[in-house]
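Some structures are shown below for you to check.
In what comes next, chain A is part of two complexes: it sits with chain B in the first one and with chain C in the second one.
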Partner chain A sequence: MLFVQLLLQGLQVGAIYALTAAGFALIFGATRIFHFAHGSSFALAGYVFIFAMQAGWPWWMGGLAATLTATLFGIGVFWFVYRPIQRHEGSFFTVFVAAFGVGIVVQNLIGMTAGRGFASVDTPLSRAVEVLPDVFLAQVFWVAVGVAAILFAALTLFLTRHNAGVALRALHQNPDLLRAYGLSSTRLSLLAFALGSALAAPAAMVTAMTSGMNEAIGHQVMLISMAATIVGGVGSLRGAALAGLMLGVAESVALNFVDTQWAEAVSFLVLFAFIIFRPSGIFGIAQAR
Partner chain B sequence: MTGFTTGRRALLGGLAATPFLREASAQGNQPYVLGTLFPMSGPNAEYGTAFTAGIQLAMQHIAADNMLRRPLRLQAEDTQALPQQGVIGMTKLVNVDRANYVMVGFTAVSKAVAPVGDRAKTVMVNGGAVGPDLAGLSPFFWNVIPLAHLETQALLPFLVRQRNLKRIALVYVDDPLGDAILGILRTALPAAGGELAGQFSIPRTAQQFAPVAARIRQTRPDAVYIASFGAQQSQIIKQLRDNGVSQPLVSYSAMNIDSVRATAEAEGLIFTTQVTDFAGGDAVTRRFATDFRARFNSDPGTYQVNYYNAARLFGLLAQSLERENAEVNGENLRRALLAGREFDLVGGKGRFDDQGNMSAELQINEIRGGRSVKIG
Partner chain C sequence: MIAYLTNLAALAAIFGILASTLNVAVGYAGIFSVAHAVFFGVGAYAGAQIALVLVPDALLAMLVAGLISGALSLCLALPALRVRGEYFVAASLGLQMMATTLFSEWKSVTGGIGGLTGIPRPHVFGVEVGTLPLALAALGLILLATAALMRGAFGRTLRSIRDAESAAEALGKNVAAAKALAVAFACAGAGVAGALFALHMQFVNVESFNLDQSVLIMAMVIIGGTGTLLGPLVGAVILLSLPAGLAFLPFIPATEVGAVQQMVYGLAMTLLMIFRPAGLVGDLSRGKSMA
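Moving on to the complex of A and B:
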């Protein structure tokens, strides 16, 4: 029964990882910007949700405020930080350092405004009950898995059926051709940042209810998102989502076989294995030299 | 002509020396530098804020009482509770800021910076870390907090005999503090009539503890001891409770912070702290409690007490050195400490042993309704 318990917990954590990783992969895939501040979108959304709940707002209003915050933050960072750097022929590394700086600023702003300790949403949704002998499950499990499934279905439909979604994929594959057809890469980049950042919000809300937030949580989120993006295949949204889910499950199920100390290391063992044996990731395209 | 030349040279020489003369005379009024090596950012920053509040109040009182001839200056270095950051900060405090006295926290950081302070003969005072091997790290490393072995000595008999909680599972962070508590429980628990039901090591950066909860449930413990710190300890408490661990949770003094008390799942948590009687204590204690509430608009905790005492101890030792016109440096501060041994601090008389460890009485607390209540 321990295996079943760990698998269920892994799916819940994996759903959160999948959402954040997919957001990061969507932004990176479309714009080629290494948006290290994606973790800050996550942290901001989580804290806004906590504030809203503490203020007695209905959950849907809190969720809306959190999503709006993450989206506006993503758009703002692109418009006020990345775009000016790119306009001045800023290198990939310059953009990365700027994103890292934004992450640190946000971390400190959260610390100054929300306090430097632990914060969470106290809800009965996160209280697990025994559903089978020695298997505990909380309602938030269904929320996490369900929301992740619905959002991925909606995103897949958007990227395959909607003109803007198809254009986003084209931006990743051939930006010059896209411009030749008269489409604005700036507008599409804004869309990528808006959608990618919004995906972090539900993950942040579930995290606020389950494991809680702290001012430095953004860095942890980024580590997982980067690992999932590499394992899934750089540029592949479904790859990042699947890899996020896989990392969450691996981290949890590993405790059936190894000591608790090694749970986090499992994620990075998976990452190393992919880098060595399949560098292009699950859905990545191998590049010939 | 010669007289004129000599006079001109003397004048030029005098003018050239003026800045140095000014500097020399200013040295007498230069502030004493009190350095701090606390986490001011990251998941443990709540401690840094709490530690610093105690020091700020002590500095306010030292200035108000005109205890010292020279002013005090606080020089804070952010360690993020990481040893390598601590060593960088300590090196700067010693070599650049010329700190007279450095206050540190966290076991791993304290152990990392102790050799730097020892070489520079700079006094380091710990009021937050409880790793038992912090006693005797260096003649210049002092503790104003009871260390973990003393806390568990007080807690384990209470758990085993009064609460009949014999099988204890331990969740411990993989660092010197966690390792030390594991070592203590391995020997002290059987001696107290208990048993270590399971031990679960976790990395410092871990955030997900639901799988750990599943493993703990399998060991069927009577209670779960949590040896962690910072935001992580609240995460552990919440996730253990959310994931079916209903047994009593027990811990040490690191739980005595606002964010733990504010966590709904921490209700019933049992932990040890020093004895502090703010209402019925001596004049120093009552003044501390009154002024702390006035300045910070909240009740003080044991960490604020400890670091207030650490800074006040500097004031008392430096005052005695100034009276005998001795230089305020590490060696003289240590000499003054060993000569005095007993000082009026918050909580009563602070008594120091040869290694610079202050003894203090301990109490057992339980969180009830978001407040710490003394239960033993």
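Moving on to the complex of A and C:
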């Protein structure tokens, strides 16, 4: 029964990973920017949600504020950090270092204002009940899995049916041609950042309700999203989400065999193996580089 | 005060070694490793174990630490040969995270979170010496070796790989060997720095070898200027004196000094990348055409 319990837990964590990874993959796929501050969007959204709940706001207002924070932060980082760097043709590594700097600043700002250590929201949703003998499940499980599934379906519809979504995919494939057709790549990049960052907000809210936030969580989320994006295959949202789900389950099920401390290392072992043996990921096309 | 300054100088020399060896990988070969602290850690544990179990001979400890780190650099060279750009950064991040776990869990060798304590003071040929002269000598030697290597054919090969890998390969350069060698040199240097660090602090634990440390070393190289001999040293001195400098500012509460320091260097990294991507020492025309 322990296995079932761990599997369910893994699915819940995996749904969160899948959302953040899909956001990261959307941004990276469309704009080719290695948005290492994506985890900061997640952390900020989570803390805004916690503050809002502590202030006694209704949950939907807290959620709205969190989503807005994440979106604005994503857009802001693109506008004030990435765009100036890209204008003078900075390399990917310049972007990476700048984003890492942003991540450090945000992490310490959170540490100074919200305090260090774990903070969480207590809701009736996170109370676990016994659903099978020895298997406990909180309602938040269904929230996490449901929200992830709905958002993912909506995102897929948007990317395949809506003009702007199709343009985003075009930006990924051939930015020059896109500009030749008179579309603004800057505006589309903004859209990618807004959407991708917004996806981190629900994941952050679920995390705040379950395992809780701490100031360093952005880092961890970022690393997992990056791992999932690469394992899933760059440019494939489906791959990123699936890989995120897989990593969550793998981390959780690994607890059946190894100690807790090793759980995180499992994800990175998977990442490392993929980079060495199959750098194009599960769904990726073979990389030309 | 003298002791405090000597301590700071020794640390600056050790981090100078770290930054300048990382610079060989980042600045000359274009291999953006965010796992330098891993090899620093391997060297530190190796050096500490030698001093604890065998003899506290600094030269032996540094030699063994350098050899082990250099051999383990294969873990980094392997992905460096397979992938480039973002993928390699991701791979090195993965390596860093795995190593951090290993450092804190392999208790028989690393002492776990508690670390290794009571490392004896360094000796050379049976005579006790301070770490400052040792570290300065090692730094000098490594800088000399770097300068000599980079001026020669090997350095030109590395730079050609950094700027145009396919072209270098087409001209008959052995790209794989050059990359592996550069990584091995950088990691062995980090190992030597690790042994010095262990002997200097007389205590090591996993805290000094995590991702934050890797990024700190990376920041030293970037802020100083990649691909220059002096840049990484300048970066190391600046970032090391930052906490000391901030501690003297009266308006920052003592409990927040660490956070403020982190924020200053995070902000410095971001702003420098926006306004001066080649670093403080690097010249402005470079850095634009990288990767």
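What we mean here is this: the second predicted complex is superposed on the first by the 282 of 289 C-alpha atoms of A that agree within 3 Å, B and C clash if a C-alpha of one lies under 4 Å from a C-alpha of the other, contacts with A are read in each partner's own complex, and residues count from 1 in each chain.
The definition used in the following text is that a residue touches a chain if its C-beta (ideal position, glycine included) is under 8 Å from a C-beta of that chain, and two chains touch if they have at least 3 such contacts.
Given the structure is predicted, the values throughout are model-derived calculations rather than measurements.
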Fit-or-clash call for chain B and chain C when the two complexes are aligned on chain A:
clash
Applying the document's definition of touch, where does A:156 land relative to chain B and chain C: first, second, both, or neither?
neither
Go through the superposed model and pick first if A:101 touches only chain B, second if only chain C, both, or neither.
second
Answer with first, second, both or neither: which of chain B and chain C does A:264 touch in the superposed model?
both
Name the contact category of A:139: first (chain B only), second (chain C only), both, or neither.
neither
Which partner chains sit in contact with A:115 here, chain B, chain C, both or neither? Use first/second/both/neither.
first
If you stack the two complexes on chain A, which partner ends up touching A:2: first (chain B), second (chain C), both, or neither?
first
Quick one: is A:255 in contact with chain B, with chain C, with both, or with neither? Answer first, second, both or neither.
first
Is A:13 touching the first partner chain B, the second partner chain C, both, or neither of them?
first
Which partner chains sit in contact with A:210 here, chain B, chain C, both or neither? Use first/second/both/neither.
first
Given the superposition on chain A, at which of 1-9, 55-63 or 91-99 does chain B overlap chain C?
91-99
Please identify the positions on chain A that touch both chain B and chain C, taking each partner from its own complex.
107-108, 111, 259, 261, 264-265
Considering the complex alone, what residue numbers of chain C touch chain A?
32, 78-79, 82-91, 93-95, 97-98, 101-102, 104-105, 211, 215, 218-219, 222, 256, 259-260, 262-263, 265-271, 273-274, 277, 287-291
List of chain A residues in touch with chain C within their complex:
28, 34, 81, 84-85, 88-105, 107-109, 111-112, 219, 223, 226-227, 230, 259, 261-262, 264-265, 268-269, 271-272, 275-276, 279, 287, 289
Give every residue of chain A touching chain B within the complex, in rising order.
2, 5-6, 9-10, 12-13, 107-108, 111, 115-120, 122, 126-128, 130, 134, 136, 138, 210-212, 214-217, 220, 251-252, 255, 259-261, 263-265
Within their complex, chain B touches chain A through residues 41-43, 45-46, 48-49, 174, 200-203, 205-212, 214-215, 217-218, 230-231, 233-235, 238-239, 241-244, 257-260, 262-264
